[in-house]
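Below, each structure is written out as C-alpha cells.
You will see two complexes here that share subunit A, one where it goes with subunit B and one where it goes with subunit C.
Let's turn to the complex of A and B:
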C-alpha cells in the first residue's frame, strides 16, 4: 500500500482492536502466514526477532459516507479504507482499519477506478476542517464519526478468528482492546482520552510523520496498553492477598505462561519515533504500571510460595508428630 | 569515553515480487468466437486482411517503441477446433496478410493456468463500487457472482426492499451518477452443475490483466509465455498447450504498460462489462509500484487507474 505522509493527506484516522487469538497454543510463524493470508496469492510479511510478528496483506473496503465532525458538519467522502491484521508472539491478534482523508480535486464523485488508483485514501467533497474531523473521530465520546472504521476492523478480526486453522480455545479470558486514533500533520499534540466503555481515543499531531510508521507506533501502544489491562483484570479476579492461594495460582499462572513475555515496548517502532513512544509512555505511565503489576504478581507468588512452604513444613511437622505418636500404637500391635 | 549513538532496527521482510519484462503496448488483433473459426482458413484470412490497416496505424503511432501482438483463442466454452489444425491456420493467415502474430493464448488459461486460477485470484481482488451511504458498518455483500455500478440492481437490494416491490417502483441509481444513470449489472460466474463456470466478460477482464502483467501468486508471475519451435507439431488437446505461446522469435515482451484491443462492434457489450470489472479490481500495490518505477525510468506516463491503461477500438470496417 502506498504510504502517504500526513502532510500529503492532512489527516489520517483509524481504529485498532486487540485480543487473544482464539487458539489454545501459540502458533508458529508458518501457521501465522497461512492464517493471515487474507487475499489468496498475496504475501504475509513477518519478522522473527525480537519476537515473532506477522502482518497480513492489506485489504480494501469501499466507502461513500459522511466524514467525522465534532460540530456535526456533514461532508461527504468517497474512497477506500485499508485494513490489516497482525499477530504478535503467535498469540496477540490486532486488526487495524485506517484511511487518509484528502480533498477531492473535482468536488463530485468520480468513477470508482479513480479511487482504486489511490488505495487507502478517502477524498472529501466539500469543506472539511481537519481539526473538527480529528476531534469528531478521536476526541469526543459521542462525536459524529460517520465512517465505520471500527466495524471494518472488527470484521477483519472476526474473519481471522473464524478460520478453520484455529481450535477456538482461549488461554485466558480478556476483554477486547479498542483504540480510535487521528494523526494530523504539523503542530504538536497528544491527547489521550479513555471513554466509559474502555475505548481509548488518541489525537496525535507531529510534523511530517509517515502514516505507516505512526500506525506501527499506535499499534504498539495499543498492544502494551491491552497487555497491561489484561494483567490488571486478572489480578483483580485473583484478588491477591485476600483469596485462597489456590485461586490465586489458578488465575496468575496463565499470566506467566501467556502474557508477561509479550511485554517488549517499542519493539517495532522506528528509531526516530522512539522519543515519541517514550514521551507517550511517560504521560500514560504504561511501563510504570506494568512494573508495579508484574512486581505484584511476583511478590504475591513469592508470598504464596513462602506461605505454601510454611504450610507444608507445618504439615510435615504435624505428620512427623502424628507418626511419632503412632509408633507406640504399632508396637503394641 | 564517549558512548556512540546506538541505533538498532528490526524490519519485517518486504514481499518478494517478481518483475516481468514489459512492452509499451500489447495489441490484440481482433477476436473470433469458436463458431467463427469453423468457416475455415478463408475466414481467418479475411479477418487479418481487414485488421491489417488498423494494426499498421497503431504500429506507426508506436514507432521506435516496443509493441507485441496477440490473439486469444476462445476455447473455454467450446472446443470444436483442435490446436493442431487451428494454430497453423492462424499463423498462415496472418503471415499471408503480412501481420506478425507474436503470441497466441487460450482463453481457458484465464480460468486455469495449471498451478493457479487467474480468475479466482482476480475475484479475490475485486473491491466493489460502494453505493452512497456505505460507511463500512455493514459487511460486504457476500459474493453473488454479480458486479454492478449501481444501487438497486443485482445483489445490492436489501431483502426487505426487494419484497416491497409491489408498493411501487424505485429506479436504480448509478453510484457515481451526475444527473442521469447508466446502470450495468455484470455476471461474473454461475454454477450450472455445481461447478464454477466463469463468464466470458470476466475471463476477458482477466485476459486484460494478464496482458498488463499485474497478476502475481505469492509474488510469482502466473503466466510466462513459452516459445514453441516452428517445426514442432501442435497438440491435439488445448490443455496440452501452454497458456500463452510465443510464436515469433523476436517478439517484444507479452506484458505491456498499456493494452489496445481492436474488435468488431458486436463485442462492445462484453467489453463494457470488462471495463466495469477492471474499474473494481485493486491489484498488489507492490506490482503497481514496480510499474510506476519502470515507467519512470523509461520516461513514459502510465495512468494510476488500471482501466485507463486498457484501450478499445470498435469497428466493423475491419
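Let's turn to the complex of A and C:
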C-alpha cells in the first residue's frame, strides 16, 4: 500500500494491540520473517539495527459499516482495512489495523473490485466531518462501536500466535495493550485519554504527516507504554521492601530476563517526528517512570543480595564458632 | 493453568466455591479469570456481586461468542464492577480478576467444528494473560462438558502445556457420592467420553480431583454443638460415607478439598471476604478452605499421588 499523507486522506484511524509472543525464547530475525510471511510470495521487511524488528506484509479485510461519530451521526462506509503485524526484539508482538477515510465519488456502494484497487481506504457514503469522526473514534470510550478495527487487530495477532512455528511457551503473562488512534492533517493537536478498561485513545493532528510514519510513532509509543505498564504491575505484585525476598525474586527475575532490555524509545521514529515523541514523553513521563521502576528493581536486588550475604556471613561465623575455631570470618561494612 | 469445575447434581455449591477460589487465587497475586459455562443459569454475576450481569448478559457473553455472534466475549473486571465495597478496594498486590459472563437464556448448543475452534482459540488467548483460567460448567452431562473434553485433548493445547485439571464437586451424602462417581466413571461419564475424544487411558482420571462440599466434620465446632446422640450418629454416618467413597474411587487420595457447611452460603451465594469473617458472618474455616484450595489447585500434594 502506498502511504497516503493525512492531507490526501483527511483522516486515518486504527487500533494497535501489543503483547508477548507465545514462545519460550526470543526468536531470530530469520525465524521472525518466516513467522510473519502472512501472504505467500510477499516479503517481510526487517532490520537488525538499532534492534531486531520485522514487519509483515499488509493484509486486507473488507468492511461495510458505520463510521465513527462523536455526535452519533450514522454515515455508512465501504472499503478495506489494512492490517500488519510487527515483532520487536524477537519478543514483543504488535498488530495494527488501520484505514484512511475518504469521500466516495459516487455516493453508493460499488463492486468490491473498486475497493480492492484502493487498499487501506474506506469510502464514506454521505457527509462526514473529520473532526467529529476523529473525536468519536479516539476520544469516546465506546468509539470503536460500528467499525471493528480492534477485532481485526486482535485476529491478526491471534493468527500469528497460533503459528506452528511457536512453541506456545510464555516466560511471563500480561494483558494485551490496546491503543486506538486517529490522525488528521492540520494544526498540532494531541489528545491522550485512558478509558477505564485500560485502552489508550490518541488523537493526533500533524501538518503533512505520512500515515506510515505516524503509525511507526504510535506503535513505538504503544510498545513503550505497554512495557512500562507491565513492569509496574509486576513490581506492585512483587511488593519490594515488604520483606519477602522469595516473592520479590520470583516476580522480578522474568523482568530482567525478558523485558528490561526491550526499552529503546523512539528507535524507529523518523527524525522529524522525534520532537513529538519527546514532547509526549515530557508530558506523560514514560521515561522518567521507567527509570524509577528499573532503579527500584536494581536497588531492591542489591539490598536483597547484601542481606543474603550478611546472613551467610553470620551463618558461617556461627558454624565456625560451633566447630571451636578461634578466628571468625571478619564481617565487612 | 486451566481448571474445569463440574458436578453431577445441582446445588452442590460448585459455582459459589469456584468463584471464591478464583477470588482467593487473585488475592494471592495471580491473574485469574472465571468463565461462566453454566449456560442454562449463569449465576456468577450474582456471586461476584456484579449487578449489571446478575443473571448473565443480554448478548455478547460466552454463549454468543462460541456461536460466532461476537468476535470476543464480554469481560468484566470484578474489582472495578462489583457492588461490594471491600472488593472495589482491591489490594495492589492482588492479581486481576476477570469474569466472562454467560448469556441470559443461553441454554445448550450443538458442537460444530466452528464452535470447537472458537473455544480452542479463546483458551489460547486467555492463557496469554491469565495464570488461572477457571471454567465453571453446568451440573450433569452437557454439550459444553463434551466440548471441553474434546478441546483439552486437542494437540494444539497440549503442545502449549495447557493441560486441564478437572474438579468434580459433590455434597457429602450417599446420593451425591454415587452421582459424582457415575459422572466420572459411569457410562458416558467423563473418563469414557474423554477416551473417545482422544485422552489416553488413565490420563484423564489422573487429572480429576474431587471437592467435597457442605461437609460437617464430626470434630468440628458445629458438630460439638450437637447432642451426644446426634454426634454418635454423625460419626457413624461419616464413617459409612468414607467407606462408600473409597469403594467408588472417591477416597482421600483423590480429594483436593473439603469445604465445610457454611450457613452464609446456604442462604446467599456470595464471595466471602475477610470482613465477612471479622463481622462473624462467615466462618473462618470456610474461607481457609477456599484459600487452601486456591493454592492446591496448582501445587497441592494430591496431584503427585498415583
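We adopt the following convention: the second predicted complex is superposed on the first by the 320 of 333 C-alpha atoms of A that agree within 3 Å, B and C clash if a C-alpha of one lies under 4 Å from a C-alpha of the other, contacts with A are read in each partner's own complex, and residues count from 1 in each chain.
Going forward, a residue touches a chain if its C-beta (ideal position, glycine included) is under 8 Å from a C-beta of that chain, and two chains touch if they have at least 3 such contacts.
A quick note: this is a predicted structure, and the numbers were derived from the prediction, not measured.
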| item | value |
| --- | --- |
| Subunit C versus subunit B on the shared subunit A, clash or fit after superposition | fit |
| Partner chain in contact with A:72 - subunit B first, subunit C second, else both or neither | neither |
| Touching partner for A:47 - first (subunit B), second (subunit C), both, neither | first |
| Subunit B versus subunit C as contact partner of A:62, first or second or both or neither | first |
| Angle at subunit A between subunit B and subunit C, C-alpha centres, nearest 10 degrees | 100 |
| Touching partner for A:187 - first (subunit B), second (subunit C), both, neither | neither |
| Partner chain(s) touched by A:207 [first = subunit B, second = subunit C, both, neither] | neither |
| Subunit B versus subunit C as contact partner of A:267, first or second or both or neither | first |
| Superposition-derived comparison: subunit B or subunit C, residues of subunit A touched | B |
| First, second, both or neither for A:155, with subunit B first and subunit C second | both |
| Smallest separation in angstrom, by C-alpha atoms, between subunit B and subunit C in the superposition | 5 |
| Set of subunit A residues, in rising order, touched by both subunit B and subunit C | 148, 151, 155 |
| Residues of subunit C defined as touching subunit A within the complex | 29, 31, 71-72, 77, 80, 92-93, 95-96, 121, 124-125, 127-131, 156, 159-162 |
| Subunit A residues within the subunit C interface of the complex | 19-20, 22, 148, 151, 154-155, 158, 161-162, 167-170, 173-176, 196-197, 236-237, 239, 247 |
| Residues of subunit B that touch subunit A when the two form their complex | 7-17, 116, 120-121, 124-125, 127-140, 149, 175-176, 178, 215-219, 278-282, 284-285, 289, 303-308 |
| In the complex, subunit A residues that touch subunit B | 1-2, 39-43, 45-47, 49-50, 53, 55, 57-58, 60-66, 76, 78, 80-81, 97, 108-114, 116-119, 146-149, 151-152, 155, 267-268, 270-271 |
